[in-house]
Amino acid sequence: MTDVQARPGTSGDAEQVDHVVIRFAGDSGDGMQLTGERFTTASAVFGNDLATLPDFPAEIRAPTGTIFGVSAFQVQIADHDITNPGDAPSVLVCMNPAALASELHRLEPGGTVIVNSDEFDERNLTKAGYTENPLENDSLAGYKVILVPMTSLTKESVKESGVKPRDAERSKNFFALGLVTWMYTRPLDATLTWIKERFGKNEMVMNANIMAFKAGHAYGETTELAGNRYSIKPAPQTAGVYTSINGNTALAWGLVAAGQLAKLPVFLGSYPITPASDILHELSKHKSFGIRTLQAEDEIAGIGTALGAAFGGQLAVTTTSGPGVALKSETMSLAISLELPLVIVDIQRGGPSTGLPTKTEAADLMMAMYGRHGEAPLPIVASFSPSQCFDAAIEACRIALKYRTPVILLSDGYLANGSEPWLIPDVSTLPDISTTFATEPNHVNETTGEPEHWPYVRDPETLARSWALPGTPGLMHRIGGIEKEDGSGNISYTPENHSHMVDTRAAKVAGIAKDIPEVAVTGDAADADLLVLGWGSTWGAIVTAVDRQRAKGRKVAQAHLTHLNPFPANLGEVLRRYPKVLVPEMNTGHLAKLVRAEFLVDARTVSKVRGVPFTAAEVEAAIEAELERKL
Amino acid sequence: MTDVQARPGTSGDAEQVDHVVIRFAGDSGDGMQLTGERFTTASAVFGNDLATLPDFPAEIRAPTGTIFGVSAFQVQIADHDITNPGDAPSVLVCMNPAALASELHRLEPGGTVIVNSDEFDERNLTKAGYTENPLENDSLAGYKVILVPMTSLTKESVKESGVKPRDAERSKNFFALGLVTWMYTRPLDATLTWIKERFGKNEMVMNANIMAFKAGHAYGETTELAGNRYSIKPAPQTAGVYTSINGNTALAWGLVAAGQLAKLPVFLGSYPITPASDILHELSKHKSFGIRTLQAEDEIAGIGTALGAAFGGQLAVTTTSGPGVALKSETMSLAISLELPLVIVDIQRGGPSTGLPTKTEAADLMMAMYGRHGEAPLPIVASFSPSQCFDAAIEACRIALKYRTPVILLSDGYLANGSEPWLIPDVSTLPDISTTFATEPNHVNETTGEPEHWPYVRDPETLARSWALPGTPGLMHRIGGIEKEDGSGNISYTPENHSHMVDTRAAKVAGIAKDIPEVAVTGDAADADLLVLGWGSTWGAIVTAVDRQRAKGRKVAQAHLTHLNPFPANLGEVLRRYPKVLVPEMNTGHLAKLVRAEFLVDARTVSKVRGVPFTAAEVEAAIEAELERKL
Amino acid sequence: MTDVQVPLTSRKDWQSDQEVRWCPGCGDYSILTAVQLLMPDLGVNRENTVFVSGIGCAARFPYYMNTYGMHSIHGRAPAIATGLAVARPDLDVWVVGGDGDLLSIGGNHLIHALRRNVNLTILMFNNQIYGLTKGQFSPTSALGKVTKSSPMGSLDAPFNPLAVALGAGATFVARTHDMDRPHMQEMMRRAHAHKGAAFVEIFQNCNVFNDGQFETLTTRANRDDMLIPLEHGQPVRFGKEKEKGVIISSDGAAHIVNVADVGEDAILIHDEARPEPGLAFMLAHLASSVNEPTPVGVFRAVETTEYADANAKQLAAAQERSGAGDLSALLHSLPTWEV
Amino acid sequence: MTDVQVPLTSRKDWQSDQEVRWCPGCGDYSILTAVQLLMPDLGVNRENTVFVSGIGCAARFPYYMNTYGMHSIHGRAPAIATGLAVARPDLDVWVVGGDGDLLSIGGNHLIHALRRNVNLTILMFNNQIYGLTKGQFSPTSALGKVTKSSPMGSLDAPFNPLAVALGAGATFVARTHDMDRPHMQEMMRRAHAHKGAAFVEIFQNCNVFNDGQFETLTTRANRDDMLIPLEHGQPVRFGKEKEKGVIISSDGAAHIVNVADVGEDAILIHDEARPEPGLAFMLAHLASSVNEPTPVGVFRAVETTEYADANAKQLAAAQERSGAGDLSALLHSLPTWEV
């Protein structure tokens, strides 16, 4: 069902700003994710560029009012191309004391904090760890504070809907949404339509939410907030149809698309794990595409079932996060030995061990490269923005099918849950990634003289092996994880063959470098003093930081990798071109280690392992420091 | 039970040589491993230095007479210090045509091949793939061939023992052993004593073996072999009591010793896998040391049970090979997070996947370093010779206990099964590796004012955390794999704490560098043109190669690492001292990658991934090539 | 387990200082309360008690007990607890986990712990859903269950957890539910007293993702007619007036009958100590869904060799035979020679 | 499975060109022969037949069959085969493995494959030992078994493989042994014909590490008295003169009796199709060691929904409902706007 609508004009009575970063924070039960998403969609539909950062607690539902129950959603909206959800928010919406306690430190100096003052009673203050009411001492000095008794106003406004008083205050997030919608001159229609669709089944609740939303809007209009209205013009965007999409949905759709483009049924074998489960959920909805999803008993069975399906000729995928990748590593090693296509999706999260399951991190790169016994190389693709997960998924599938190899696709919790506007591609422009199966014998048995199929006969160009599907007459063959003779695939323990096979498997993966784009350098490509090299979700922060630094007159270039193994063919040459190379990573320096070892360049790490993404300011600071470092 | 005996004098009527490399080869059922081991022991007892290389097929018992059923055992014995089983054998004993077919190519030009001519009938020749009898054409020209009808001579000689004719020929390996014992003037007593002990329960078989052994010896004495007798003087050795030991036994004994030295019961949780199973077998024999061995349902349970025992205060160990390490990685990550001592022993074998289970390889180093999700560093120790596995095991346990950390101990199939003489240490000289457990609360609860135990209070020096055992009154606490607050150990999701904990865990491991010896440089330490850097079982071949190169006048230095993480504190400085660094590895260049990334030195790999160890000649060739390479 | 005199404790002593973080209304709270209230009665020390768990909502349990505890990784608690219990037979080791933790990813460790008969008290909170990961079907969810990962209904036939345990050779198997504290406590008390691996399935309500799953059985109004209490040596009867009962026919099938129809004497007498697990297994299959009368209580309780005990005996026997290990002697145990 | 006419084949057609590499005398040979001789009779094509195995001696099996095959990794065959069978319901997927492969490391995948009732024919070669790794005790080795890893005797109570399978909800469970080719073939034929997961335990002699383990049961001289053949609808009787039989008493226990003592009519009539697995489970526990009369044959064979089939139906229903997937429509399915 589509819902295309023309972009409305902007409102006249508001101060025009070029961007704003808003953070909604409240109790887990307060519906802050919903509020944030609705505001995002309204802004997207309006035509702004934007990027979001949901930030929710690990608990399913922590006790109300506690700090660890705080759920937040940050969004940046702008009239220009942006790539990240912003550093410090300029507006913070706090639904209760715990939200204020946990989030205030993020607000930029002089920023606006909108507080639901009704909730600042003794009980809630204590739960949030306050011994004094922060609204009554000077702890908020330095910020612009807007106190709104949202709970009582909401209750009041929804009276006529007929919902029970107990339930009435549930609509207070829509009150807040209405208020912020007014403040930023967002159109109301999209949200109203959405409320009707979403809550249509329960008319009372639907009406309550509509009333609260309108009341919030009206509150802005009619109160002293008059001086606080802003408008942000639509961003100049390529013409086309857009949708707002998060990384996991984009990734799942990329897999659906890959199946169509490969003309193969998709098979997902998976075990639920945060933050990857949503891909399983999404794919399980699309059975009409012939997609099979099997929720396996564990991660090993997740990849095992996928590998079985791959043997059967399907586009096989397994999705997980770090702990699951660790568990799957033995089977990945088998897939490498079998040389069967298989995509392993790792939505990275904070580690080690259970770590920070709901927080983001990018510390699985080294495991992706080396986390298997023996010489077991495989290609690695990484996505760098929510919507780009769509392309990354297709690319991972393309490589897997073409080279008959497992491929690791890296995303992370930030990309998974963050969203941005996406220009929906015309499906006819998507690449054909179909492959061919063997239909005829490719060998004559030396002793019997009978035609037969040798599974390890290779394409001389790609080194991909011949792939014959069970069910094909005359091509019966056996494959296995013991070292095998190249060509015949029969078990072989000879030193020569083992050495040859180790080299061949490595050469096959290395050869993919010929089949991927060279890495592009942006910014001061010709004469930069420093190159910022990145991969994964750091992209947004890096782009902004480099832009700002260049605006400040510094000579900085930027390159971002989507292929981590093999590297683009020109990477060594690119790195050697610049006196300094800086690598911001949400780990302790994985990519830096890889390029140092490979190219012997003194790439320096800016490390951030805090469960939260880089801000552009942090990258900027690192660039400045590195530029100043004496060589 | 000890069996000390004085070293007998050497025989006078034989040509004196300084070393010999003998390879025994026959069918799996022919008892070649036993023959080789007995010859080795006799030589060890005699006082030679030696090193062995068993080489057996992957099949349990392949069909008789086939090439893939050939089992071989190579031993080098010398009158001087040697470190490896030799490159090309100078003597090859072949019990059947398949052995000749599969092993002849290894023999050095002009070497001696002793053949059991009885077995060269049409059936056996066909099974071995011969279309002509190699004893009857000129395919053995260029070798010294000694044809002995061993089967019939054995049958003849054991007649009086009373064994059934069918069983009589089973003793033919003892005939061969007797013959070679004569050729190399080995004393008879040790072997005779051993036969009596081993076969004492079955007198008939015992007698048959004794008769065959003596007959073989007499055959040498009385036949035309007279011109083929050699003697090898005992090697000058440190005074003391020696035993001949293989790597797996030494490693198992090292674990037994570690338990004694730590004053803790050893707990082994393990799942059988080649080539690690023998450690489980050995440890399960030593229950009188209070050692518990639990054969778990899989590798994950192997490490899981060990981790449980570690929590309970035992010296916990899990043993496995590559595929098992892959499976254990998620639990290793938990152990890192829990900061509990645990030793993970990886007896490396050929990979990827099932690979070459009975062959050696050293391609798990990168997995040991990086094969876990998130930032999960742990110390890595590697053994470099069979007997040194004893020390390496103690060192791994020492680090684990002192720093409360899982430690990976790397050995490989070559070390595991290879043996060498070992000067048995005086147990009173072994290090004290005992640790202390918390007995008192280390904190006062802020709210209750009660004393309590905080599990993550650290020793400021080692950063090791306080370790309180269940059963200790008043110190109850909970630990887990979710990120925890340093100190209290309570769950913490804050960015600051996570960052701090990631840094702290890394600093703890890095800090071990202060507690391990600096790496020593041997050879032309002061002025070498090239440093050969090694780790693991390449040691033997490297030492010999460097010695030979230096003897040829080349300036070469050598350094060998037993600690792979952290590196010895002086490693960077050492590497930068030499114009060239060469790293021979039984992988595609793992250590080279690590030092390149860490120190930005252009360390070059000599890679051999063939399931068999380096020969000294191969290392020599690589040294020469690298020395010639223009910089 | 210990000779030390056990000091009197109260519930408070068994509560840790950590805030409990389950959803308000979750059945896990009542199980926690049952355990914390029971512990002072068991005659055990806090310091000798260890709770080991995997990952899941249920698996948060150890944090709330003022004992030793480990919140490990998903599925591995039975293995970790096995190592601990074997290494330290002086401890009381409890395992807590959800249906996903113990039957999905941890299924193999569970069945092996049960067959080895390691001295563990295993509490499985069965809410027939993955709670912590927000609502996918679990290996105990009914066929056709619609969840986030099964929008058209689950295709996976569920496990009968008691049958899995009995099939693995479990020596103690019981079932209870989160709405009946005394019954829960009785099952826990029995499980704890059992020397060997004890498996207790607890029907637990996940009011967020699977609310009311066990209502047909566990509400006060339904219990009499829908729960069949098993008591050793007693006829298997239920209903408000105990008017219904279970019989076994000669074709080896169990049937629910009106006692009046068959006569009191025909009713099966429950025998939890039967050496073969066949009877317990049959009772475990009496109900095929929550809509049929379902037995609760101790299905099987058979004393046999406990693993850690047998292990300790081997160690003692080895020491008896050859004395405490002598390291120097070991190092000289292969042929040696002197230089 | 296929409509294609199946060409006549002979044993030779099903033999691959790989040399068989088991120890001379190993029971695996007779199983291989039984399978290769049976295949031409099953009315299936080689190209539609796939053998999937893990690692172990038994797991070498696929190499010797001229079909499609995968020799995977230790323990994972049931999972891999599940994926294949679900993705490709047109194939005949067989799983072969040892007692270690399928019950130790692979235990979880096995029980989950069984409960899902995926269309697999699973042959477990039970030699009560780890053969390939040269002789450690396995999860089916008897208590007290002395092996390389249990020099003082194993402490692990063994699994009863059929009980594990039944506990997991297996819909087809049978047992046979390597000394009786016709019986093996009959069990394999039945297992293959079963729509769903079929589990066949085959007693297999490992003459190198556990020789003669099943001799008490399987030699011609012992069979009559020691093997109890189960036949659907027939009284459960055995002995040279069928003089012994099995009855179920009203306390729910199975007993071996002299038929003469109880009368023919009292003897249990075997019912492999009984919906509840209780009877099969009881029979699986009739013998507690190889020294007691042991039932062989089909214990349970119940037709119910097969997983891949149900899965295919959901896909078809989804397509029926919303048409074949339209990628462009999917990409526009969230709120969109035009610029």
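Going by the order they are written in, the chains are A, B, C and D; count residues from 1 in each one.
Definition applied: a contact is a pair of C-beta atoms (placed from the backbone, for glycine too) under 8 Å apart; a residue touches a chain by one contact, two chains touch by 3 or more.
What you are looking at is a predicted structure, and each value in this text was computed from that prediction instead of being measured.
Enquirer: Once you count every C-beta pair in contact for both, which comes out on top, B-C or A-C?
Expert: Most contacts of the two pairs: B-C.
Enquirer: Using each chain's Cα centroid, which is most distant from the centroid of subunit C?
Expert: Farthest from subunit C by mean C-alpha position: B.
Enquirer: Suppose each chain is reduced to the average of its Cα coordinates; what separation in Å results between subunit C and subunit D?
Expert: Centres of subunit C and subunit D (C-alpha means) sit 29 Å apart.
Enquirer: Cα centroid separation between subunit A and subunit D, in whole Å?
Expert: Comparing mean C-alpha positions, subunit D is 44 Å from subunit A.
Enquirer: Between subunit A and subunit C, what is the gap in Å from one C-alpha centre to the other?
Expert: Their C-alpha centroids are separated by 40 Å.
Enquirer: Pull out every residue in subunit C that's touching 2 or more other chains.
Expert: Subunit C, residues with two or more chain partners: 55, 73, 104-105, 107-108, 112, 139, 152, 156, 311, 314, 317-318.
Enquirer: Give me the residues of subunit A that touch two or more other chains.
Expert: Within subunit A, residues 68, 287, 297-298, 323, 330, 334, 338, 353-354, 480-482 contact more than one other chain.
Enquirer: Using the touch rule from the top, collect the residues of subunit B that touch subunit D in their complex.
Expert: It comes out as residues 59-64, 66, 68, 271-274, 277, 280-281, 284-285, 287, 293, 295, 297-299, 323, 353-354.
Enquirer: Quick one: which bits of subunit C touch subunit B in the complex? Just the residue numbers, please.
Expert: 16-18, 45-48, 50-52, 55, 62-63, 65-73, 76, 79-88, 90-91, 108-109, 112, 311, 314-315, 317-319, 321-325, 327-339
Enquirer: Please give the residue numbers of subunit C that touch subunit A in the complex, ascending.
Expert: The contact residues of subunit C facing subunit A are 19-24, 55, 57, 73-75, 104-105, 107, 130-134, 136-137, 139, 148-152, 156, 208.
Enquirer: Inside the complex, what are the residues of subunit B that reach subunit C?
Expert: 1-7, 41, 44-47, 190, 194, 234, 237-245, 249, 253, 256-257, 260, 265, 267, 269, 286-292, 294, 296-298, 300-301, 304-314, 316, 330-331, 334, 338, 423-427, 445, 447-448, 470-482, 490-491
Enquirer: Residue numbers of subunit B touching subunit A in their complex, please.
Expert: By the definition above, subunit B touches subunit A via 57-58, 68, 321-323, 325-327, 329-330, 333-334, 336-338, 348, 350-359, 361, 363-364, 366-367, 369-376, 480-483, 493, 495-496, 498-499, 502, 505-506, 587-588, 593-594, 596-598, 600, 602, 608-612.
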